[in-house]
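You will see two complexes here that share chain A, one where it goes with chain B and one where it goes with chain C.
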Partner chain A sequence: MTDIMHSLADIVGEDYVSSQPEEIYFYARDPGLMPPHEPDYVVVPSTVEEIQEIVRLANREKTPVVPMGAGLALTGLIIPLKGGIVIDMKRMNRILEVNEGARYAIVEGGTSQGQLSAYLEKNYPRLRHSIPDAPPTATIAANVTIHGQGRLTQQRGFNSDMVGGLEVVLPSGEVCKIGSCALSFGWFSKGPPLPDLSGLFLGWFGATGIITKLAVKLYPRKKFRDVEIFVTDRGELVPDIVYEITHTEMAEDVLIFTQPMPLMFRDNHHVSFYITGDTDEELEFKRKLIWKALDRFIKAKDGGFMGIPPAMKPTLLEMPQRSASRLADVKRGGGFEYSGPIIMVEKYPECSEKLKELASQYGLAYSGMVRVIDGGHSMMFAFAFAFNRSDPDMMENTRKALKEVSDFVLKVGGVYWKPTVEEQRMALENMDPNTRKLMKMIKENLDPNGIMNPGNWEFIS
Partner chain B sequence: MKYEEIVHRCFRCGYCKLTGDYIGFNCPTYRKFRFETYSPGGRMWLIRAWLNDEIKNTERFQQILFSCATCANCVEHCVFPFSEDLVNIFIAAREEMVNNAVIPPPVRDYLKNINISGNPYKEPADQRGDWAKDSSIEIYDGHEYLFYVGCVGSYDERAKKIARTVGNLLLRAGVSIGILGEKENCDGNEVRALGEAGLFQFLAQQNIDLFKERGIKKIITLDPHAFNAFKNDYPGLGGKFEVYHYTQILTSLIPSHELPLKEYRAKVTYHDPCYLGRHNGEYNAPRKILESIPGVELIEMPHHGENAFCCGGGGGNFFTDILGGGEDSPNRIRVREALDMGARILAVACPLCARMLDDAVKAEEKEDQLEVLDVAEIVTRALS
Partner chain C sequence: MYELKFDGSLCQTCPTADCLVKCQYMDLEKDEAKKQMVNIWEGKDSFVFEGCVTCYACEEYCRRGNHPFYLITEKREEKGLLTAPRAITKQWINIGEPQGKFKVGKPGERVLSFGFMPEFFKMAKGRLFQKAMPSFIFGQEFFCNVVYIHFANTSIIKKRLPMIMENFRKLGVKEVVCLHDECYGSFAHLAPAYGIEVPFKPIHYFEFLYERLKELRNDIKPLNFKVAYQRPCSSRLSPDKHRLVRDIMDLIGVRLVEREYQDENALCCGGIYAMCFGYDLANDVQRRNMDDMAKHGAEYCVFNCPACQGTLGEKVAKMGIKPIHMIELCRMAIGEA
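On to the complex of A and B.
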């Protein structure tokens, strides 16, 4: 046993540290397409104090630490690019507090989306959080670290906008509170009216600290929820359609999907919007307003509402949607990956055309999945390709297609979401030099030994 | 390896280790060890790595594979079309290890004992029917049903009591049952789960031949594990019998007042055995029995029915203990869940679960707060 292994065993207990080939193999990978890289150790801590000790040890030994939730980003963000210690956070999964009046929940850094959702449904049926369509094992902390989106994103912005406060273990091993909780017993704001320091950690993929607790804002859960799908075969009209829907401010969530199968879906653009209400009247009022807003497209014969088969409705209404994960089996091969840039809605037509073009060029099964963000200020456009994990050629073609997406995104004014290391490099190369300099200053000051998830947000000279 | 063409299809999304309502992790080995490698997705990825020679058959890999309790939570909750085969895939990988003779020593010893002694306890076959001594339970001779108790019911002290209770209840209700006594053989369910397909086929064939020779058409099992083997595996080997778990028989007798129940006041929660529940879809019969007892307040634990949390005794672990003990062992987690509900009785319908949970109550030092009783034992209390 190495000295580091001994020390880690002293910190978390022998049962919760491993350098065995099985854990090394598994934690070297995520389900996406990035090449594996082996950690030296995997630990599963249960307390903040243990994480502090691990980080202090890592500093002494100048060894990397990589925090990991469920590892579902697909873009390699939890692959330990420079080895070191992977910290699996999922043993720290307690829901610590729900403040019903101020509508927030404080959870530990390894708490899953599904767990909070189920807990709220059972104990606080009038409250909900913005659950993403990632599998329910996805952790809340990791999701905000990558600026994830969820079911309330159309109304409320990125899930990271819905954070009410953070507790972070800094690269020094110190614990720091971010937001109102730094001064108050209430976790109701991640920044304002103080300087908003949450930006030092959100979007950094653990490269500046490890989130050990966070507050997520909760919102009213209405009694009724329904979905409608407006279909058009004219992609160029989708931005207008979204504009009209968001103008009504009646939709809770707006998603768009375009996919080649089943055949009746091919070349169509399906704008699904979700409405909620505490009464039938409220629901119908919202529905009618949106219908009215889209009337002109129907009259011009540019689209119409799709009749949703009864069997399809539960699939559309479930949160998260299991069907999103099933894309991985389209090629009977356990894999899909997507590049999901954040981009203006006006770029939808170009994005959907590019998606089809790449799928055709590389012979790939595709799905375009869009989530409208914050009332239509932007959208996440997922260029998603399914691949067969046992078919190296298909995997390579998927990589090539995604590389072309990376190039395309910058040309059309998009910004990478949860970027791969290569996309991070491209982002840094192309961004305002003084922004890059500022990011560098932040990283180097917070993490002078470069131990936090190294390889991510590494700075080009 | 069987199912080799499927293993690469796991996306390791993790639905498999949760309950259907996502309230928590429900894979017993993952709850115990907490490394992803001990989850169904972890196993899938490691089996593929092993087949590709990227990892070796190490002690830890054996622990990862053989600690699986085959509880089928993953089968229930995986979102992919191959979900039905998940446990079969893990068993197929065990088969490969058994065929290569590189398996954990407790597994080897278990299989050896079954092969040599016909039971895992190395007890003489002529003592197999001793549990029925001093009762009116007869040796099968044209009775309507064979009452099959299995290795645990025949030799384990706690399980023997349950076997006697069930047997006596069935007799009292006028059910025509007979046992095989010293002629009873191991049903082989755990042998199959531990990957010894050849030995399983041998045992199954022996049983099928014996049952046919004795003219047995209907079987009542004490143990859901035997129930599973007889119901799902034996037909493929030519053994088609009418198979019932004893709770399915009792539940039909109570409304007809064959068993007149008096008041028995108790706050009871029921633990679904995996091989009765998820493997065979029988969730109602034991509950109906409990609900029919005047005075019994039946409360459900959060993890129940299709979301039931396994006691950790399945897949051979009852005998091999590869899953192991400790505070996070599944049986102790389960007992704490029952205690959190305020239950005074944790009802079971499986002798393996009874023993696992009994041990956990002792380990938790809660003997004064929680009693583990088989459904038949509760019914018997209500009769007296």
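On to the complex of A and C.
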């Protein structure tokens, strides 16, 4: 047993550290297309103090530390690119507090989306959080670290906008509170009215610290929820349609999809919106306002509401939605990856055309999946491709298509979401030089030994 | 090429012009109605193209065996006048495209047609269907395609329906019991109107139910419900079978409430209206229809068409009226549901 292994076992106990090949194999990869890289150790701590000790050890040994939630980002963000220690957060999964009046929950850094939603449903049925359309094992902390989106994103912004405070283990091993909780017993704000330091950690993929606790803002959970789908064959009208829907301020969530299969979806763009209400009257009021807002498209025969078969509704209403996982297996072999840049809504037509062009060029099964963000200020456009993992040519073609997406995103003024290492490099190369300089200063000051998830947001001088 | 059998001289000499005079969505006097139908026949413009909401009712109102609605549909298509948004039409055409995913049970000389309605898999069971199952067919390959007249698209029907007939011919069936009355309307009414040969005898499922219930007469326990019947658009293509609604209700001891919007005056479920024309028309029609059911004390709303039930079922349920399909109602009467 190495010295580091001994030290890790001393910190977390022998049962919670491993360098065995079967664990190393598993923690070397994520479900996406990025090549694997093995860690040296995997450790599963259960307390903040243990994490502090691990980070201090890593500093002494100048060995990398990679914090990991459920590892579902698909873009390789938890692959230990330079080896070292993977810290699996899953044992830190307690829901510590729910403040019903102030509508927030404080959870540990390894708490999953599914745990919190089940807990709220049972104990606080009038409250909910913004559930991403990821498997329920996805962790809340990792999701905000990548600026994930969820079911309340259209109304409230990125899930990271819905954070009420953080507790972070810094690269030095110190514990730091971020937001109102730095000064108050209340975790009601991640920044204001203080300087908002949450930006030092959110979006950094663990390269500046490890989130050990966070407050998630909660919102009213209405008794009824329904979905409608507006269909158009003209992609160039989608921005106008989204504008009209968001203008009503009646929709909870607005999603768009375009894909050739099943056949009923071919050649059309589907703008689905969700409405909620505590009474039928409230629900109908919202429905009516949105329908009326889209009347001009119906009259011009440019779009209409599809009749949703009753059998389809439960699928559309489930949270998280599992429909994406169906795409993952259309080519058999369970391969699925997407690039989901954040773009302005006006760029939807160009993106959907590009998606079709790439799918045709590389012979790939595809889906364009979109979530409108924050009332239409932007949208996440997922260029999603399915591939067979046992078909190397298909995988290579998917990589090529995604590389072209990376180039295309910058041309249309988009910003990468949960970028791969290569996309991070492209983002740094193309961004304002002084912004890059500021990011570099932050990273070097917080993590002078470069131990935190190295390879990510790495600045090559 | 299949062409509509339409005789314009019948319109010119029509004593009533009921096709348009009775229309619930346009207000026309007899002379104006005749003039508009002749205009349409002659290929001229008509405000009817704008006002027609595709309820099919004029096919029933015409007592001279002409096909006013099919003519309107044909001419709309010729003129490129869309009823539905393009995307909706595309979607429906795609939905009906044969994809090799059909299902065939063990077809005998008489086969049950589920059309393209998966709901019938759950309904076609028990003693009512004991003698018929598992002789069934399901899927786009046997889909009647009549729905496209809502979308002013008869060319897709004329293209697909002969292929559907060929699929039936290959099965060698002699009688097809259509559980969706749209299919019956297509095979018994629309296909002959276009000269498309139907290689089997279509049987409306109301006839099938009625005959079967008579056989099971001793098992029937009168339900004593007050019900409203939601007549679907497609029933206008087989008005001679509509009387069976009352016959079946009488047999199972169900009282049909005498309400305003029934029989010839029935209102659409609104599903197609929502897709084609938006909120106001669909909501107005649904509201009037459901209020009428409630006002007359209906305890159940009996559906003939699963698509109508999908559109209106939840809405009537919220008003305290239980939605039920005719088949389920009959099964209930023999103690099965």
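Here is the rule we go by: the second predicted complex is superposed on the first by the 460 of 461 C-alpha atoms of A that agree within 3 Å, B and C clash if a C-alpha of one lies under 4 Å from a C-alpha of the other, contacts with A are read in each partner's own complex, and residues count from 1 in each chain.
In this section, contacts are C-beta pairs under 8 Å (C-beta built on N, C-alpha and C of every residue); 3 or more make two chains touch, one makes a residue touch a chain.
The structure presented is a predicted model; accordingly, all values stated were derived computationally and were not measured.
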Which of chain B and chain C A:D88 touches, first, second, both or neither: first
Per-residue touch tally on chain A - higher for chain B or for chain C: B
Partner chain(s) touched by A:D10 [first = chain B, second = chain C, both, neither]: neither
Partner chain in contact with A:E22 - chain B first, chain C second, else both or neither: first
Partner chain in contact with A:E444 - chain B first, chain C second, else both or neither: neither
Chain B versus chain C as contact partner of A:G334, first or second or both or neither: first
Partner chain in contact with A:R322 - chain B first, chain C second, else both or neither: first
Which of chain B and chain C A:P136 touches, first, second, both or neither: first
Where chain A meets both chain C and chain B, residue numbers: none
Footprint of chain A on chain B - complex, ascending: 8-15, 17-18, 21-24, 33-37, 42, 45-46, 49, 54-56, 58, 60-61, 64, 79-82
Complex interface listing, chain A residues touching chain C: 231-233, 263-269, 280, 288, 291-292, 294-295, 297-299, 301-307, 309-311
Complex contact set, residues of chain A against chain B: 15-16, 18, 20-23, 25-27, 29, 31, 42, 44, 70-72, 88, 90-91, 112-115, 117-119, 121-122, 135-137, 322, 325-326, 328-329, 332-336, 388-390
In the complex with chain A, residue positions of chain C that touch it: 82, 84-88, 90-91, 94-95, 97, 99, 118, 271, 274-279, 283, 307, 310-311, 313-314, 318
